[in-house]
Each structure stands twice: as C-alpha cells, then as structure tokens.
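We just call them A, B, C, D, E and F in the order they show up, numbering each chain from 1.
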Amino acid sequence: MKKGLAFYKVGEMVDGFFLVKSSVKGTASNGKPFLTLILQDQTGDVEAKLWDSSPEDEELYAAQAIVKLSGEMGNYRGKMQLKLKAIRPATELDGVKISDFLETAPLTQEEMVETITQYIFEMKNPNIQRITRHLLKKYQNEFLEYPAAVKNHHEFVSGLAFHVVSMLNMARSFSQLYPSLDTDLLYSGIILHDLGKVIELSGPVAASYTLEGKLLGHITIMVNEIGMAAKELEIAGEEVTVLQHLVLSHHSKPEWGSPKQPLIREAEILHMIDNFDARMNMMDRALDKVQPGEFTDKQFALENRSLYKPLFHAEFAKN
Amino acid sequence: MKKGLAFYKVGEMVDGFFLVKSSVKGTASNGKPFLTLILQDQTGDVEAKLWDSSPEDEELYAAQAIVKLSGEMGNYRGKMQLKLKAIRPATELDGVKISDFLETAPLTQEEMVETITQYIFEMKNPNIQRITRHLLKKYQNEFLEYPAAVKNHHEFVSGLAFHVVSMLNMARSFSQLYPSLDTDLLYSGIILHDLGKVIELSGPVAASYTLEGKLLGHITIMVNEIGMAAKELEIAGEEVTVLQHLVLSHHSKPEWGSPKQPLIREAEILHMIDNFDARMNMMDRALDKVQPGEFTDKQFALENRSLYKPLFHAEFAKN
Amino acid sequence: MKKGLAFYKVGEMVDGFFLVKSSVKGTASNGKPFLTLILQDQTGDVEAKLWDSSPEDEELYAAQAIVKLSGEMGNYRGKMQLKLKAIRPATELDGVKISDFLETAPLTQEEMVETITQYIFEMKNPNIQRITRHLLKKYQNEFLEYPAAVKNHHEFVSGLAFHVVSMLNMARSFSQLYPSLDTDLLYSGIILHDLGKVIELSGPVAASYTLEGKLLGHITIMVNEIGMAAKELEIAGEEVTVLQHLVLSHHSKPEWGSPKQPLIREAEILHMIDNFDARMNMMDRALDKVQPGEFTDKQFALENRSLYKPLFHAEFAKN
Amino acid sequence: MKKGLAFYKVGEMVDGFFLVKSSVKGTASNGKPFLTLILQDQTGDVEAKLWDSSPEDEELYAAQAIVKLSGEMGNYRGKMQLKLKAIRPATELDGVKISDFLETAPLTQEEMVETITQYIFEMKNPNIQRITRHLLKKYQNEFLEYPAAVKNHHEFVSGLAFHVVSMLNMARSFSQLYPSLDTDLLYSGIILHDLGKVIELSGPVAASYTLEGKLLGHITIMVNEIGMAAKELEIAGEEVTVLQHLVLSHHSKPEWGSPKQPLIREAEILHMIDNFDARMNMMDRALDKVQPGEFTDKQFALENRSLYKPLFHAEFAKN
Amino acid sequence: MKKGLAFYKVGEMVDGFFLVKSSVKGTASNGKPFLTLILQDQTGDVEAKLWDSSPEDEELYAAQAIVKLSGEMGNYRGKMQLKLKAIRPATELDGVKISDFLETAPLTQEEMVETITQYIFEMKNPNIQRITRHLLKKYQNEFLEYPAAVKNHHEFVSGLAFHVVSMLNMARSFSQLYPSLDTDLLYSGIILHDLGKVIELSGPVAASYTLEGKLLGHITIMVNEIGMAAKELEIAGEEVTVLQHLVLSHHSKPEWGSPKQPLIREAEILHMIDNFDARMNMMDRALDKVQPGEFTDKQFALENRSLYKPLFHAEFAKN
Amino acid sequence: MKKGLAFYKVGEMVDGFFLVKSSVKGTASNGKPFLTLILQDQTGDVEAKLWDSSPEDEELYAAQAIVKLSGEMGNYRGKMQLKLKAIRPATELDGVKISDFLETAPLTQEEMVETITQYIFEMKNPNIQRITRHLLKKYQNEFLEYPAAVKNHHEFVSGLAFHVVSMLNMARSFSQLYPSLDTDLLYSGIILHDLGKVIELSGPVAASYTLEGKLLGHITIMVNEIGMAAKELEIAGEEVTVLQHLVLSHHSKPEWGSPKQPLIREAEILHMIDNFDARMNMMDRALDKVQPGEFTDKQFALENRSLYKPLFHAEFAKN
C-alpha cells in the first residue's frame, strides 16, 4: 500500500495521484505567475508551488482536479512543502476518483443508519421518539455525508454520523454506570445536537458556511427545526422545550455559542459526551502521526497544546 | 397630591394606601412569627415588618393585597424601612384598585398602538411588513401590558410597548441623519426584538420566568416565532433569516445572550438604540430621586455606578 | 423508616436523634447568649437556635454530640431552620452512634478495596503497577475513610474511595470504546490523582485543611510522594515523570490548580472522567431532593445553576 | 470620472496619478534593491513593488511624491497588489496636487465652523460656553484639518471636525426625544472630547503620535487644557470639574483609556453618541465597497466582524 | 501600658477611653432604637451596640466623641463585638484628646520634612527640582497630615508622608544596586505620585472622597497640578511631560487607574517601589496581630489571602 | 574594540568573526537551496541569507560553527538583515573560541560562589541552612553555568547565578529598611527559587526544554528536590514545608505557574524581588541599545511596551 502524504519526511521522493484541494494564482518576485496548490490524499495535505504557470495550467490544476505528480518533500519556513518535478492531470485511464482521496468514516453509511435506528427504536417516550425520527428522516441523506466540523474534529466524509454513533455508544455505557439518566432524552439530544450543520454548511466536501450558517448558526437552526417538527407532528408538552434546550445548551457556555447553560442533567451529560468524543478524535489523529518519544504539532482546538506520546507506549500500551 | 414612597426621608410620617408586593413569614429572635412586607405605590417600594403576626395576618396581608397604614420612615442597615404604627386591609369602600399602585407608561395603550401601527404602515418591503404585522397582532394584548424587563429598566406596566415606541422615534431621528439605514428592517427589528418576553415572563405584574423563559429565553423564543410566522405566511427569502438575525444578535455579544454578533448594519444599530433607550430610562429614574449636588444610589445595571447630578443643573439645565 | 432531614417541609414536626455538626455561641438582640447548632443526619443538615443557652448547654451541645430533640421545621430568610421545642443529649441507653448520622458510600470498604486491587492486578507495566500499589498500601486506611472533598461532591465517609471506584469503572467502559487508551496509565492516574487529600485534609469527618494542605495542596503533595516512592522502589524511567504529570495536570488549567495542562492523552481523559463523575454525583444529589416539575437550589459547584427535573420524568424515565 | 483604487478587481489595468503614501527599500531574494510603495487616491490605497530600484528612484518615489503610472491589479497572498508596468514622477505640467489624493470630509471647513459656532452660541451656561469657545479658538486651525483617528474611523482630512458636527446633530435630535438632557454640557463635551488629538498627533496627514501623545494621551492632554483654560478665564465652579470629567470618561472604561467611568448622565450619553457615529462611519465605509449579497472584509475596530449587505437592499432599501 | 483593642480575646473585660469612629441609629427587632458604635484606639476598632438609646445618647455618642466605657469582648457572626456594661462621655477632666486615639506615623512631621527636603536638595536637574519643591510647598500642610489611603495601607495620620519617606529610602538603596537609574526623576516621582490625594480626600481623619476625587481622581488631579506648576514656573522641556507621565502611570495598568502603562524606566520602578512598600506595610500590620503558627484574617487588598506566621519565627527570626 | 552586532545601522559594513546560532535550509523562489543563518556575538544577533548554498555549506555553516565574514547591514521587512559579501569558516589559526561570542555575566563564577556562600554562612536557622547548602552543592556546576531563562531576562551564560546574586544583594538592602523580614528564609528562597531550571533546561547554551521541564516544570521539580533533600538530611519541621511553599508560590499566581499564592511574608517578598531584578535587567538591556530621545523595540516580556529614554538623560542622568 502506498504511503500517505502525512507520513513523508523532508528529502523523500513523492510519486502518485493526488486531489487538488485548492489552487491560488500568485506573482513571483521575478514578476511571473505561479500556482500555489494544496494537494491531498486520505491521510493529509501538503502545499506545492507550480512556477511559471500558464493560463492553461490554471484550468488544468484547479480545485477538485486529480493530478499525477512526482516531487521531493521539502520544508519552507517550518512547514512541509512539496517541490514538484513533474505534474500532469489524471485521465480516465488512470482509474482514480475523488472519493479515493477523501478521508471517510471507518463505518459504512448502512452500519451507521442501522445503529442509530436501533437507538431510536429503543426509546419509550413517544414524543421524543417521533420528533427524533421525523428530523433524522428529513435530513438523513445530508446527515450521512456531512463532516462533523469544517476543521478540528471528525472533519471527514460521514464524520457527523460517525461522531453521533460514537456518542450513542458512549451514552449507553455511561447510563449503565449511572442509571438515573433518561436515555430517551440523552439519545435524542445526541442524534439532533449537530444536525443543524447540514444547513449551516454548504456540503459534505470542502464545506463553507451558508448565509443561514453565518447569521443564525447550527444551534439556532436546529432549535427552530424542532419547534417546526413538533407543530407539524402536533406534539405539545415539555419534551419539545426540553429537547430544544438540549440542543441550545450543548456548547455549555454563552461564549462557546450556547445562550443558555445546561439546566437539565441530560443536557450537561450531552455536552460532556460531545466534548469527550471530539477530544478523543483530535488526540488520536494527532498522536497517530508521531512516534513514541515525540511531541505532536500544536493542536489549536486542544488549547494549542503539543501532546506527548510516551516512550513506554512502544512497549506496553496498545497504541 | 400625595407624596410617593420614593420621596420620604427618615423620620417622616407615612399615611395612606399601598399595595403589598410581597409578604414573607419569618421567626424573630424571640421566637415569634412576623411578616416582612414589601409595600409599593407608583413611585417605588419599601420594606416593613409586621411583628407578632397571626395566621390571619398572613392571609390579610398576602401579596397583591391593598392596605391602609400609618407609620414612620426609618433606616435599617442603610436601607429605608417603614416602621408600622397601624395597618388594616383596604375595603371596597376605600375605592382603591391595584392599578392605582402600579407604575405605568406615560402614554396610553391606544397612543402606543397608533404610533407602532403607523411605523408598520410606512414599511415598503412587504415581506418584512407582513411578518411584523402578523406577530404584533398575535401577541398584541400581552405586548401592550408587559414590562420591558423584570428589573433595571422600563419595569412598569406597558413598559415593553413604551420602550419600543421610544426606540422607534429614536430610529426615525437617526435614519434622517444617516440615510443609508434600511428603516423597514430597523423598525421591524425594534418592534420584534423583545416580543419574546411575553412568553418568557409569567405576566404583566410581579413577573417571574416561565419554563420556556428559563430553558430557552426570549431571544430564542422569538427567533422561532419568526420562522413559524414566515412558514404560515409562506414567505421565503433573505428577509426571514435577516429578521431572525436581528433578534438573535440584539444583545450584541455571546456573554450577553446573543450567540451571534450583529453582522448587519441595522442589527448593530438596533443593539445600540436598545441600549441607549434603556440607559436613558435607568439614568432618568435614578436622577429623579436626588437633588442637585447629590449622588444616586449604586445602579446595578449601570455597572454599579452612582451618578452625580451637578449643582448647576439647579440653575441652567432643564432638569 | 424515619424521614431524613433533607425531606422535611416547612410546618412539619421533627422528632428524633441527630448529630451536632457545629455549635457556635452568639448574643441575641436582648443581650442573652444563644447557640446556633447545625444538626445532621445521613441525608442532610439544618440550622437550629437554642435560645437563652447556659454554659452547661455549650458543653452538652458541642460539635460531635448526639442529641434527641423535637421541633418544627421553619424558614428563616429563605433557608430551612428548625424551631426547637425540646432537646436533650443522647445517652448510652439510646443505642445511637456517630456513624449512624454520617452519610457514607454505597459500597463497603471491603468491596472497594477488592475492586481497586483487581484493577491494579490487571496492569501490565510493572513500573506503574509497583508505584501504584506502594502508594495505595502506604495510605490505604485513610484512603478508605476520607471524603473526596470538603464540600461539593462525594463529601461523605469513604467518598474518596467511592469516587475512585466509579472512575475506574468508567475508564474501563471508555477504553473498550476507545481502544487506543493506555489503561495501565489511566487506572493508575485515577487511583493516585486525589490521594494527596489524605495529607491535605485533617481527617475523614468535619475535615479542615492542614498546614501542608494550605501551603502546598494535595496535587503538589502527591507529585512529591510519587517521586519519593520511585526513589524508594528504585524505579527510573519515563513512567515516573508521566505519572507525576497525570496527577499534576488533572485539574486541567492553571487557574484550577494545575500548573501544567494535560500533555498526555490519558492525562486529558483522567481530567474528563474526574469531572464527569463529580458532576454526576452533584447533579444526582441535587435532583434527588426535588420533584418532577421543580428546579433545584442553586448549585455553587455547577456554576451556580438551578437544575430542572422534567415533568415527564415522573412517567417515562427511570428517575 | 476615474475609478477609485478601492474598486479595481484582479486583472484590471490601472492608469493614472497617485500619491506615494509610503516608500520602503528592501532587498529581493536575488540580492537587488527594490521599493515597496503604498499608492493612494481618495478612495483607498494599494501596495506596489518597484523592482531593481536605483538610488534616484528612492528619491523620486519617496513618501508624499505624486506619480503617474500604469499597471495591472494583482493579488499577492490574498492582498491586492499593483504590478507596475510604467511609472514616472508627476510634473508641474500635470496639474495635480496632494489634496487631490486625500480623502476629505463631505462638508467644507467653513460649513463646519458655522455649525459648531451656532451650537456654542445657543449655550446658556456662560462658564461652559466660555471654556468651549476659548479652547476651540485656541486650536481651531488644527481642529479643522486633523483626522478623528489615525485609523478605523473618520481617518481623513477634517475628519475630526466632521465627526464633531455629526455628533452635535445627533445630540440635538436625541435631546428632543429625551428632554432631561443638559444640552450645554453635552454639546461642549462633544466639541472638546477629542480636541486633545491635535496635540497627540503629529499632523493632519500621515499622522503619527507625538511624545506627549505617547506618554499622556489625548484625554489627559485635554483635561489639562480645560484646567488651564478655566484658570486663564478665571472660571471656578463645578462646571470645570464636570467638563473635565466628560472628557476624562468618554472612553467609558479603564481598559479603553478612561480612568473614571461616566458618572454624569451627559458623560454617558457623550460616550454613546461618540460610539454611534464612529460605528456608523466604519460600517458605511466598509459596506460601500461590497455589493448586495456579499460580506465585507473583517473590520478590526468592529470586533473583527465581516458585515453582510442583504440582497434585498438592492431592491427596497435606500442603500 | 494599656492593651490595645486589636489584642483582646473573646470573654476579656475591656475598660477605658475610646474614640467613637462612627455612630449609626437602628431599630431593634423589639421596635426600640439603638446605636451601632464603632469604637477605636490606636491599635484598631470594634463594634458595640448601645441598646434602647435615647435622642440624647445619639448626640452624646456621635462620631468624634470620646467615651469612657467598660464591657466584655464578644463575638457576633464571626466578628468581634464589644458588649457594653457602662458608658459615659469623656469630660475635660479626663484629660484625653482625639489624637490619643488615632494611629500615627512612627516619625514626627519634622523628621519627615527634613528627610524629604534633603532628597530634593540632592537633585541635579533644576527643572525637576523646582517643580517638586513648588508643589510640595504648596500642599505641605496637608501632605504631612493626610493618610496614604482611606483603607488598606498607611491609613493613619501622616501616613502619606511616611509612605513617601519609606519609598525614598528604598529608592536610594535600589539605585545603589542599579546605578543606571535617574534618581532625580525617581525621587520626584515618589514625592509627587500620591500628592493629589490631599485634593481627592476630604481631610486627614475619617476621610471621604471629594467631588473632584470622585469625578477626576488623585492621579488626574496631580497631572494637572504639574502642568500648572510648570506654567507658573515657566518651565518647558521634556521633564514636565515625563514627570506627568510618572504620576499618570504609577498604578501601572488601565484597570488599576493608569490610562498609560509606565514607558520610562523610572516610572516602572516607581510603581514597583510603591507596591512593595504598601504590601510590606499591610503584611506587617496583619502579622503583628497573630502568633507564630497562626494565619491572619483575610486581607482584602492582598488578593484576599490569609498570611501564615511560621512557628519557627518564634525561635530564629527577628519577628 | 570592535563594534557589537547590536549597534550597527542600515548601510554600514560588517567585518569579523561570529558564531552561527542557528542554520536552517530553505528553497528560494527560483527553486535553489539557501541557508538562513542567525549570527551572534556578545551583544546580539542578526539574520543572514547564504544564497545558492551547497551541501558542503550546510555542514560548514551549521549551528555552533564560528565564521569569518564581511557584509552590509540591511533591513528586510523592518528587521535587520546582514547581506553577506564573503564568508568562510574560522580555523584554529584564527584563535577564536565559542565563549568569545556568548554574552556572560559581569561577575566571575568564583565571585558569585563566594558571595552566595557568604549568605548561606550567615543563616542562623540550621534546617534552612543545611537544605540550602545541600541543594546548591548538588547542582553547583550547572547552577553556575545556566542562564536564568531561555529568553527575556538574564538569558546569558551564568545568568541564573548572577540573577541570584543580584536578588540576594537587594534582599539584604531591603531587610535593613524592613527589619521584620526573616533573612534566612528569604535568602534560601532566593537561592533555590529557580534552581529547578538546571533540570528543566537542556544546557547552558541554546537551551531547550527537557521532558521533565515540559511535563512538570522547574517549580514542581524543585519542590520535589527540597522534599528529597529533607528526607536525606533527616530534617523534619515546618521549615521544609515553608521552603517548598516559597518555591511553589514564587510566580505568585496560578495563571503564572504557581498553584498557590504566597501565604508567607517572605514568599511575597521573594516574588517581588525576583520581578524587580528581572525587569531591571530587561529594561537596562533594551535601553542600552537606544539613544536619548528614542523608544526601544517592543519588549514582549514587559507587556509589549516600547520604553522611552528621555532626552534630558543625555545631560543630567548617569545613564
């Protein structure tokens, strides 16, 4: 199997197919145009400069193009940079497609749908169950394809659904240790908490923010959707307000985007499980790229920390 | 005309009818029960102790009762306290009613409705106009009676409507000086911005927070209402999202309750006009109670400041 | 079974044995001495005033005394207060002992020792295992009796050990879902993280802070203990520094008492599990005292929130 | 009429006269000297590189020089950059002068003087009137030419006076709606609040900070000036202290530069009007450069927000 | 010699003359008036209640009265309270005067004047020397009597001058270790830094804030005074601005009252010496009241810390 | 004597020997490799580019190499940059050694040892004296060579010992003015406070952080060392805990790295003296590089201030 982009060292030769993630034209200090390409595979991405680029090059190597290239991995101002030796667009004969270059969840969409459906099936409170099922069905296609975030954690195809499945499994373990929890409410909150992202973000790949996303945000969007769903399903009762509260408060603090703090036990737990799973995902992805005895890069979403992988993890620990 | 409660000094005799705002039973250090009454008229309120109270007293002098009393204004730990000499419940013959003791807006409900209707009538954008008219009509009765807040500013009967009328007049002046403003949007934002309080609060008098108020808050409630109104009126288009954004962002900062900062010029202006009118109201009410050369009490909602009324205001200024 | 102190309402008669938690002499406004007693049973505590107290009363009703009393539950300035009708010291014939009045963990010390021993037994890394076993053995008696904190969470006899057992079980569940975790390190961190409290606090009941507690704190104390243990056991290697780091960083932020943020994955997880279990404990204890449809008192350690117990929890949920 | 610099897009040809705002010599990666020029007209500015520059070039194209050039608008690392094709110094025959390239207030100095004089004329309090007139007269020339700030808002020739005129008009409107305001005090505070900038800044164009500006700041400078003026005019009385307080507190908070918060109603209003006008100015200038449906650049002084211009503003709104 | 108020324990009998620091009338729970007296001697103060007070008592025991009393030291809600047994006003025959009850600096005014004069005499820069001498002379009487603050540190008669003398001595030591310091500037800054307090505060005893104190503050007041002095003495030059800067910046941060941070080395040192001497004074005064092995009360101005006096200080250390 | 690197101006020719502080390979925009060298002498450092570098160059001009070069001082993006004209490695014949290029303390190691030994000799408390002597002896070699910090203050060879000597001298001066201070405790705290840096940092030159440094930090390391030393010396008593507290709290606040605030008078003084000496060192080093009338560069560790050197310091002041 080919080595992924994330694992090359300075000086190594790179040879293979890559997806152009972005392509920006600039002018060199000698006055000539060049392209700054971000090239990606399933493991990561790297910058490369295409010097003396022609107008045709701009078209051939635009974002979403697949290219075949060879080059040498270098370092520019402390960041990896690929020095191109040869580059050409991929052709149909090459037999490569965009999804080959996108990271994706470790479970299939079918597996994830089945798991989530089972959790909904187990719910005993019909009001909570119906609202959850209604909204999941309404946005199921997008839900199964979107990333959980544009960066930081679970930022891959189907990342949102995978994040929800992990959280549901964690909630089940958790409620076995702390039986006072209302699992109906907690499962529903988990399934709905980030569903507004399918409206906040523009799409499953290379997502940007929509106007609704910028002006309202996924939390407000989903709180509204729950209200509309309840009206459509003719459900009244505290469950509606409480579910809206779970979504509204799941960022926990005003300065993190939740105008109300969690005031329901399951709302607090939802916030903590969300945080736990996101942090595990970020830590694992960062630590996967270093060897025992090394520190990771600074992780912005982990308060800019560099994590250390202990030397003895080479020996005793599973990872 | 009788002197209002806010204007008595220590040692003066008080004699007249008052509304019991709250009544709480306690046990004195000699082991006997007593009632702590908060008595109110249109100008303010004061605490009084009814010593050695009987179970009948607890009923006669419960919250919302009207009483006739005489006593002497005193001071306990730096706060005014009325020392009761005689007290009895008011009877029908006394000819007093609750609204005699409640502070109310200086305009009638009819005047306020007329003014607001005129502003809506002037709107040129039909989407904005229809949503505004629909929601105002839906909640008009409560809107005309509710206070603008449970404390701090405009906390009187019809305070919410009066606050809106003041803001509308300010917005009109303002838009004459800065003609780039979209007055349709700004007027609509002003009319709707706090309308969610009619659901957040329990009623026009002695208001407390409802469950929806505590779990969602008036901002989220109103954003939902706009979404529902648009659906019912079959209005699509950016106006809906933008109006929701104006309401959502009118507290300006996450830590003040707005998960999104104002990203539309009129949203920023709405926030500033809201702030301006609330602060003018709080400052005027505090300064009305002191003489030139004096400082007011500390005003919690004005960052705990004591304001000074200059001596020369006795001479040159209007106030 | 007798009703616990936490469950009385205003006006109800109270009759039974209680432990005097604290006793402070004061002077009433009539110039006479009185005692302010805090009386406790396993469910909670309440204040009571003993008026016109004699010097003998001060001795009879000092802290740690057991008393038999009858009285009426009242309310003073919004806080429950017991109005005494009769009180006498308990005698040997009454057959009551201090531990009858102390809340205690729901597991026996033997059960907890067995569980923790099993977790240590499973460790594969001998350095981690030996240090953990050594320190637990050194302080086992105190560890099994101390509370986890002087207030807020697990503030009961054996609270520290019970908190550790809950965290260990949670860690096992989580490591099944997130197999990259080094359970040796995580289990050891959990067992040791608060062990310094047996030096920081004065004892298992009515704990106050020792001089070392005030000047160094339990985190620094335990980091030192790990260093000393390693020296005594002649263990060198990263495990020592990493274990010290887990304890040092388990409060997560400098302003919460950890001079270093967690830089090891298991350190971050330790912090989150600690937080999880403490918050569940606080929420459960607060919600146990209210009915569906009610809010709890403000919980200082939960950012001063009042939690809501949904009405529908009376019907569908387990609690 | 020629298109302004602010309105060119990448790839468009630029041809015309511009003012050199700054000129800095650098060394290219090929070891040769070059000049980084900032070129400006009344609408904005852009960077351009003059490669292989000679010592004569450094003199010809120094700051404050006027040049004739042609080139192509490009983009370098996300910022507009003009690629020069030809450049020459302007000559007398070209008939261009520096003020052609400087943005200036939309009112003439005469109009502004007249307006402000009228406001002073209306004052009834002679102490306030005399101090205001004295200080305005003392610094009138600079006052009429200086910008209101070195960046962010009203940073153009006569910006300070224009800002004051706008604020005075706003104050008049507001005092009609809120008649309790002391307009003498408010108008005087507005006229004097930023007058210290004529000492804090080095001049009306390309202003930098003077030593007094850096060590004392315009607020402290002006508070001193009011004290000196009062002494010279032999005015005693609270008006002096109160006027000093208005200037001292007009940034509202210690961390924004005011050691005292506003403690006079008119001081609070002065702060709010100052903020209102500055924000309207910044928002209008940012929104003027984008089309309906677009977001502006991030605005540093507006808490780094990007503002949105609604699509429906193309249709219904005035702007 | 008599024991000072600060050193009594609960239960001890108190007998002697005291100054009434404040006297406030209240109403007891039995409806009768009483006086809350704060009684003081040179070591501290204590609260006492005079029950069933008559109107004559209010006059006899008003603030600034001297009384002869006997009573027992008690404790009310954790604070010392003197239980009065007998009280009478002092008469001329008693031969006591107010200054007997006021804490005062350990140096005489003459000693302090002499020391400060010597420091001024040593200055070599005539501009700095003349301004310093001029302002000290202008306010010498008040300077020698005022406290350095209304509470926290050096809050005794002549506290301001004593604080200045301590700081000057410290500055001399310091400049011997760090010879780069400009002692002229540093000594002048020390002498002037708090001189504005003689205008900010109402007097040397029981000081409150004047209107100028509240609206401008002692820093702004003194910066103005330096400007006026320079004008009167016809001194121009950087020394004036730099001296103003030293005073302006001596609180170091905007949120502590200095709109400019220290930008001159001597300004930074002035701030640190001020802080050092104030903290030493506060710590010594707090520690003087406890025995080795004890903690002090919480010290508000020391970030609410309780300081510990080590046991071994009884043996080895000087204190 | 040769001019130091810190004192060259743009355009001046540089000629001489320098130490390569760091050397990083890059790729120029023409695709060719180059080296970015940081060259240093005892006064400062400067960047230089070696274009078209060969693999041999990378070895010859690696970090720690000494080079002979000539070039011209230039400016690149506002930072000094040396434009190389010629460069060669130094040979043995040149007679230069690394220590010629390293800034070093102004006292010899012998002088510093002697001074510190004298301070320890003066201690009267044997517990404090023995622990101090033991730890100083254990780490004496490193202590005499390490810098006090990797940047900001005393970042030169023997900087740590020199910082300690300065602080001890300051402590002696201060304790003469404030005789309540326990000099044994204060001297010991000064000697030990940063000694953990010899374990936290990798070495005396070009220091980086060790694993213990990153995971525990020098404060925790030293607190442990004191505990171990006491055990080894069989010293028990409050002195051990109090000394650990002095080290633990010397950064004063949790957010600055001290989990406990100073609770002992000498701990507070230790913090202030540490701060005093570090700030004097930073200010002197920054001001040494500018002329009277100029501002320094922004000093990161002085809250990013630019300090001003007054013009009159050219005339009157010593510096």
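Following the convention adopted for this analysis, a contact is a pair of C-beta atoms (placed from the backbone, for glycine too) under 8 Å apart; a residue touches a chain by one contact, two chains touch by 3 or more.
Which chain is which protein? Per UniProt: A, B, C, D, E, F = 3'-5' exoribonuclease.
A quick note: this is a predicted structure, and the numbers were derived from the prediction, not measured.
Colleague: Just tell me the minimum hop count from chain C to chain D, counting one hop per pair of touching chains.
Modeller: So the least number of steps between the two chains is 2.
Colleague: Would you mind checking the shortest number of contact hops between chain A and chain E?
Modeller: 2
Colleague: From the centre of chain F, which other chain's Cα mean sits the farthest off?
Modeller: B
Colleague: Indicate whether more than half of the residue numbers at the chain B-chain E interface occur in both copies; give same if so and different if not.
Modeller: different
Colleague: Find the pair in C-F, E-F or B-E that has over half of its contact pairs, by residue number, in common with B-C.
Modeller: Comparing each option in C-F, E-F or B-E with B-C, the repeat is B-E.
Colleague: If we define chain centres by averaging CA atoms, which chain lands farthest from chain C? Would you check?
Modeller: Greatest centre separation from chain C goes to chain D.
Colleague: How far is the middle of chain A from the middle of chain B, if each middle is the mean of its Cα atoms, in Å?
Modeller: Measuring from centre to centre gives 45 Å for this pair.
Colleague: Residue numbers in chain D touching 2 or more other chains?
Modeller: As it turns out, chain D has residues touching two or more other chains at 29-30, 211, 214-215, 238, 242, 263-264, 295, 308.
Colleague: Edges wherever two chains touch, nodes for the chains themselves; is that graph a line, a ring, a star, complete, or other here?
Modeller: Graph shape here is other: it fits none of the named patterns.
Colleague: For this entry, which pairs of chains touch?
Modeller: Every pair of chains meeting the touch criterion: A-B, A-C, A-D, A-F, B-C, B-D, B-E, C-E, C-F, D-E, D-F, E-F.
Colleague: Could you list, by residue number, the parts of chain F that touch chain E in their complex?
Modeller: Answer in residue numbers: 124-125, 127, 166, 169-170, 173-174, 176-182, 184-185, 237-239, 242, 261-265, 268-269, 272, 275-276, 279-280, 283-284, 287, 295, 302-303, 305-308, 310-313, 315-319.
Colleague: For chain E, which residues are in contact with chain D within the complex?
Modeller: Listed in rising order, the residues are 211-212, 214-217, 219-220, 223-224, 227-228, 231, 238, 241-242, 244-245, 248, 254-260, 263-264.
Colleague: Sort out for me which residues of chain D touch chain A in the complex.
Modeller: 28-30, 49, 51, 74-77, 81, 83, 295, 308
Colleague: Show me the residue ranges of chain B that touch chain C in the complex, using the header's touch definition.
Modeller: These residues of chain B touch chain C: 25-27, 29-31, 211, 214-215.
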